[in-house]
Amino acid sequence: MAKAVTTRPTQDTHLLTMYRQLVRMRVFEERVRDVYFAALMPGLAHVYLGQEAVAVGVTEALREDDYVTSTHRGHGHVLAKGGDPKLMMAEIMGREAGYCKGKGGSMHIADLSLGIIGANGIVGAGIPIAAGAGLWMKMRGGDSVVACFFGDAASNQGAFHEGINLAALWDLPVVFVCENNLYGISVRQNRHQKIVDIADRAIGYGIPGEVVDGMDVSAVYDAAKRAVERARKGLGPSLIECKTYRWMGHHAGDPARYRPEGELDAWKERCPVKLCRSILISDGILTEDEDARIQAEVESEMREAEEWAAAQPFPAPERALEDLYA
Amino acid sequence: MAKAVTTRPTQDTHLLTMYRQLVRMRVFEERVRDVYFAALMPGLAHVYLGQEAVAVGVTEALREDDYVTSTHRGHGHVLAKGGDPKLMMAEIMGREAGYCKGKGGSMHIADLSLGIIGANGIVGAGIPIAAGAGLWMKMRGGDSVVACFFGDAASNQGAFHEGINLAALWDLPVVFVCENNLYGISVRQNRHQKIVDIADRAIGYGIPGEVVDGMDVSAVYDAAKRAVERARKGLGPSLIECKTYRWMGHHAGDPARYRPEGELDAWKERCPVKLCRSILISDGILTEDEDARIQAEVESEMREAEEWAAAQPFPAPERALEDLYA
Amino acid sequence: MLKNLTQAEALREALVEEMRADSRVFVMGEDVGPHGGIFTVTKGMWEEFGDERVRDTPISEAGFVGAALGAALVGGRPIAELMFGDFAAVAMDQIVNQIAKARYMSGGKAIAPLVLRMTIGARGATAAQHSQSPHAWMVHTPGLYVVAPSNPADCKGLLKTAIRDDNPVIFCEHKKLYFEGGPVPEGEHTVPFGVADIKREGRHVTVVAISYMVHKALAAAEKLAEEGIECEVIDPRTLVPMDWQTVYNSVKKTGRAVVIDEGHLTAGVAGEIAARIGKECFDYLDAPVERVCTTDTPIPFSPQMEEFVIPQVEDAIAGIRTVLA
Amino acid sequence: MLKNLTQAEALREALVEEMRADSRVFVMGEDVGPHGGIFTVTKGMWEEFGDERVRDTPISEAGFVGAALGAALVGGRPIAELMFGDFAAVAMDQIVNQIAKARYMSGGKAIAPLVLRMTIGARGATAAQHSQSPHAWMVHTPGLYVVAPSNPADCKGLLKTAIRDDNPVIFCEHKKLYFEGGPVPEGEHTVPFGVADIKREGRHVTVVAISYMVHKALAAAEKLAEEGIECEVIDPRTLVPMDWQTVYNSVKKTGRAVVIDEGHLTAGVAGEIAARIGKECFDYLDAPVERVCTTDTPIPFSPQMEEFVIPQVEDAIAGIRTVLA
């Protein structure tokens, strides 16, 4: 399990900004979970609950003109990079007004205008894509970077190896972020690889690798910031492994009986939202009242998003024939 | 370039055995090269000249009931594992009497009865196959091991990553042997990966990795022996990187203009056959006369093989329709 | 003795019986172990056979499919599972360049007795990367057998045949059928490759349907029977080898043919069937062969669109009416 | 102005002209840099454009094909080269699950303007893993354009169109044609997608031939012309989009059709063409559509066997005679 050390934020207001994002992600995903159980969405919901500090901390180190690639568990990344919860929820509910006009769904949200290259249903496949986006960032000039999210189990895909090797070889501005939540569906990390720290794989590509407490948004932010700066300077990619955990099963409908008793509770002790809140409060940056206000604002933002989405029409079936070729 | 240290053999007669194998490989491949230039073979000849110490040293550490997987540059591995030069040459020449009845050719020689799982035309593809063979060795019991050969450039394939991860995770009896000859076709190692020692990649799988002088057959043998013993004991795989070089271009017809001047000559200074011979002679194990006899015997063995092969008929065209399904 | 089993149970029965009978047989794949597979096919098997023979793999499709080949080449009889057939693309080199060719390239000396189970079909709005039916890629690759059963009994019987066969077999299981029941013979029950099953006899039109589409065809036939239209519904069961004779005989009798397949229309298996019927039954055909296939678009997420692109009973009926017009 | 160029030179001309005109265009692949590509297509380009835009890649097909997609999604216009089309299998997930679907899954918001050049065909006894013509896999995958030219002028014109197109294009280059010459327009010369070329007019039989097979068809036509048999040889040039109308019009005129393709027979592109002709020209066909394709076996090494499995001029002639019988 990740170390219990919690680092201090670089800036107090910064932490507050990140806290709000954590809360937004938490509330959004709780809604998605509820929407799933209420059978108001088609397909599966790979919710991000528990891992919020990773998406928030990394994205906080990015600029608007930076990019992210995401995964099947992508809502957090999309939200963090500026995704509109209305359009996200509409997509997740399969509506015409959604990000992908209902063609993509939960696993395929993309918005290039926000730098969201796309979620991906194929484990690991986003990694070479991120390298390629980084390649173009480098070739076109400027100093944009790409953050590439993927899971612990994805690190066993050939795509991981090839994508990182390319980025390393060509000094591409990519930050590879492994969200090690200990499981690929039911398979615990010790049953899918012999190593403990995926960051060690960085050695095989000649790039820096770092393990960070993925429940501590400031720690994630600090590591991401270093890696992003390195990338911006043209010094090449880094691999950051965030030790984290998912509150739910692989998707909302998975009871996750494969996890040892107590494991979830132990990790919940270190809930990234709670951790962040307690620092803010103990440091006097946030009062209980202000916190309540943030919660209320976020709740209403997300409720509105859901209500708006639920009121949108489904696409006409024959729209399925559109959008294939440009 | 590899270090110039030359270790001593564990046993003198052993070294003599290996020397004979080195010479056989050298002579066989010179013949293949000549056969290619004489247009007596179809297709391309990825000759093994210069790398002989790797196949010989590794295979010497194997038993008859062990297995090897090979590559497009596979003649050395096949010969070392007991391949019959007649049947090899016949296959290379596309004859009915060849190992694969003329269906496989130079890149696809296999003989399961000798433990030769097969050469492979897809770079890296043999690595998961070797892991799988190792898996079955482990599951069926006994203590056979699998040696898996591949090149420096193959180490950038996803198959490398996935195959070694499986073998590491499951403690499979596989010895991964990377023949780092510095090039994948025209692309020098520093242009295909950021690292210098491919053995470093072992860290990412939690297995031992070792760099060895691939021109020194005893060094290769010693490293292979350690790895093979480890595998036999059920302790899992190892990665051995042999620093070596190929005398010719990617195939016999490639003039290899992409290599810096002098590089080939420098490596030829450390010719594995010459190196081995000079030790044997300076240690008094081999006399010049005995050496001449070995040379003559091998020359005639390989000349016979070629003559025999050249006298074999080509397969009837319609035999192409056979051997697809069992 | 027949008993009622779902497709998942029938497959499990075949796996368990073959694993009990032959210690060389083992299964490997993602979450097939304690978890029992996301479609429950291997449920309970880990408890009986243990970690080694019911083997969870990392997410490394090319790796473990290649490993299955390696094990098969040296004496094992592995059964690898691809959770979604879409992931066949990730392991494609091992499937088409290695597994399919291992025997041929060796001049017939190697055998690769392995089964690659993969799910096909759209179910439950899993969108473009989890809904495909890519069996045509495999059918287009010489050296593979390709099986696509439509009911639990055939699942059991064909899987047993596949496991015992010395050739590599791609075993396509439709996701919508896993929890559908049907009568299955207990104990020894094998179905030979290359023998189609006439699921319904009829004299007006031949309907060749693959996998789950057999059910659409039968529903369409039922409906049309009310109007006196008699459809002969043929389930090839194995796509390689294909029982062409049964198809031709039927078309020679009916003079009309419709092919229903969940693969995309263009350059798929339905095209092959239509082309061969067009050639072999040329003098018998009273109408062009009609194909009812998934549109040439990826599978969209939203359910109404998904339904639109995948052949439905009404599409089958429309296709049949077209050839009868 | 026409000049005589080989296919390799014509392709290079297209690449160079487009790279000069658009700084977003770049090429990447194995040994494309200083080495100039093993079929010489990019020879001299590294000297002009440098390391960045003529980029040697590691042997990581899935990696660099995926990287091409990533670059395309954010504004680049990459051209990736697969040294052998057989290696498409190694990169298959990126091709079929990512590249082909990126636009559709995003609801039309993303574009993936990239070209994936790959060699097809058997040449020089390179055996089962270096001789395949796997274009059918791509044609069966909605979202890709698939191009298969047969002469240097079309190579240049189609490659320019491909580079400028906002869709992903699979560009199939036949290995046997790289060093064959032909007249090529200098400077600006584009060939539109979806427009077949009637390479030879005739009224007795329509021969649809793909890529190198166009030459076999023309040789057969030449031969048969001596007997007064007039073949109409159609080169579709692009398989997706396919110019069906030109094919149908021809078959409606001749009443007979042969399809020649170096892909394997079963479930390939020839089957699609035969099936569509069978449907759309049903009332016009005087004989079943005949297919002349590579046998359903891997490509064997030994040259006589290789020749046996691949369609030759005599096979084309035999096929044409069959439909005329």
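Here the chain labels run A, B, C and D in written order, and each chain numbers its own residues starting at 1.
In this text, a contact is a pair of C-beta atoms (placed from the backbone, for glycine too) under 8 Å apart; a residue touches a chain by one contact, two chains touch by 3 or more.
Only a predicted model underlies this, so the values are computations on that prediction, with no experimental measurement involved.
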Checklist line | A-C or A-D, whichever has more C-beta pairs in contact | finding: A-D
Item checked: Chain located farthest away, centre of chain D as origin (C-alpha) -> A
Item checked: Whole-Å gap separating chain C and chain D, where each centre is the average of the chain's CA atoms -> 30
Notebook entry, point to check: If you average the CA atoms of chain A and of chain C, how many Å lie between those two points?
Noted result: 36
Next item on the list: State, to the nearest whole Å, the distance from the C-alpha centre of chain A to the C-alpha centre of chain B.
Entry: 45
Checklist line | Between chain A and chain D, centroid-to-centroid distance (C-alpha), Å | finding: 40
Next item on the list: Could you tell me which residues belong to chain B and also touch two or more other chains?
Entry: 100, 102-104, 108, 120-122, 156-159, 161-162, 165, 169, 191-193, 324
Margin query: Give the residues of chain D touching no fewer than two other chains, as numbers and ranges.
Written below: 57-58, 60, 62-63, 86-87, 90, 93, 97, 104-105, 127-129, 142-143, 295-298, 300
Notebook entry, point to check: Okay, in this complex, where on chain C does chain A touch?
Noted result: 30-31, 33-35, 38, 56-60, 62-63, 86-87, 90, 124-130, 295-298, 300-309
Checklist line | List of chain A residues in touch with chain D within their complex | finding: 67, 69, 98-104, 108, 110-112, 117-118, 120-122, 125, 127-137, 139-140, 146, 158-159, 161-163, 165-166, 169, 322-326
Check: So in the complex, which bits of chain B are touching chain A?
Finding: 156-162, 165, 168-169, 191-195, 200-201, 203-207
Item checked: List of chain D residues in touch with chain A within their complex -> 24, 26, 52-53, 57-58, 60, 62-76, 78, 93-94, 97-98, 102-111, 113, 142-143, 145, 165-167
Notebook entry, point to check: Which of the residues in chain C come into contact with chain D in the complex?
Noted result: 86-87, 89-90, 92-93, 95-97, 100-101, 104-105, 127-129, 134, 136-137, 139-143, 240, 263-264, 266-272, 274-275, 278-280, 282, 285, 287-291, 295-298, 300
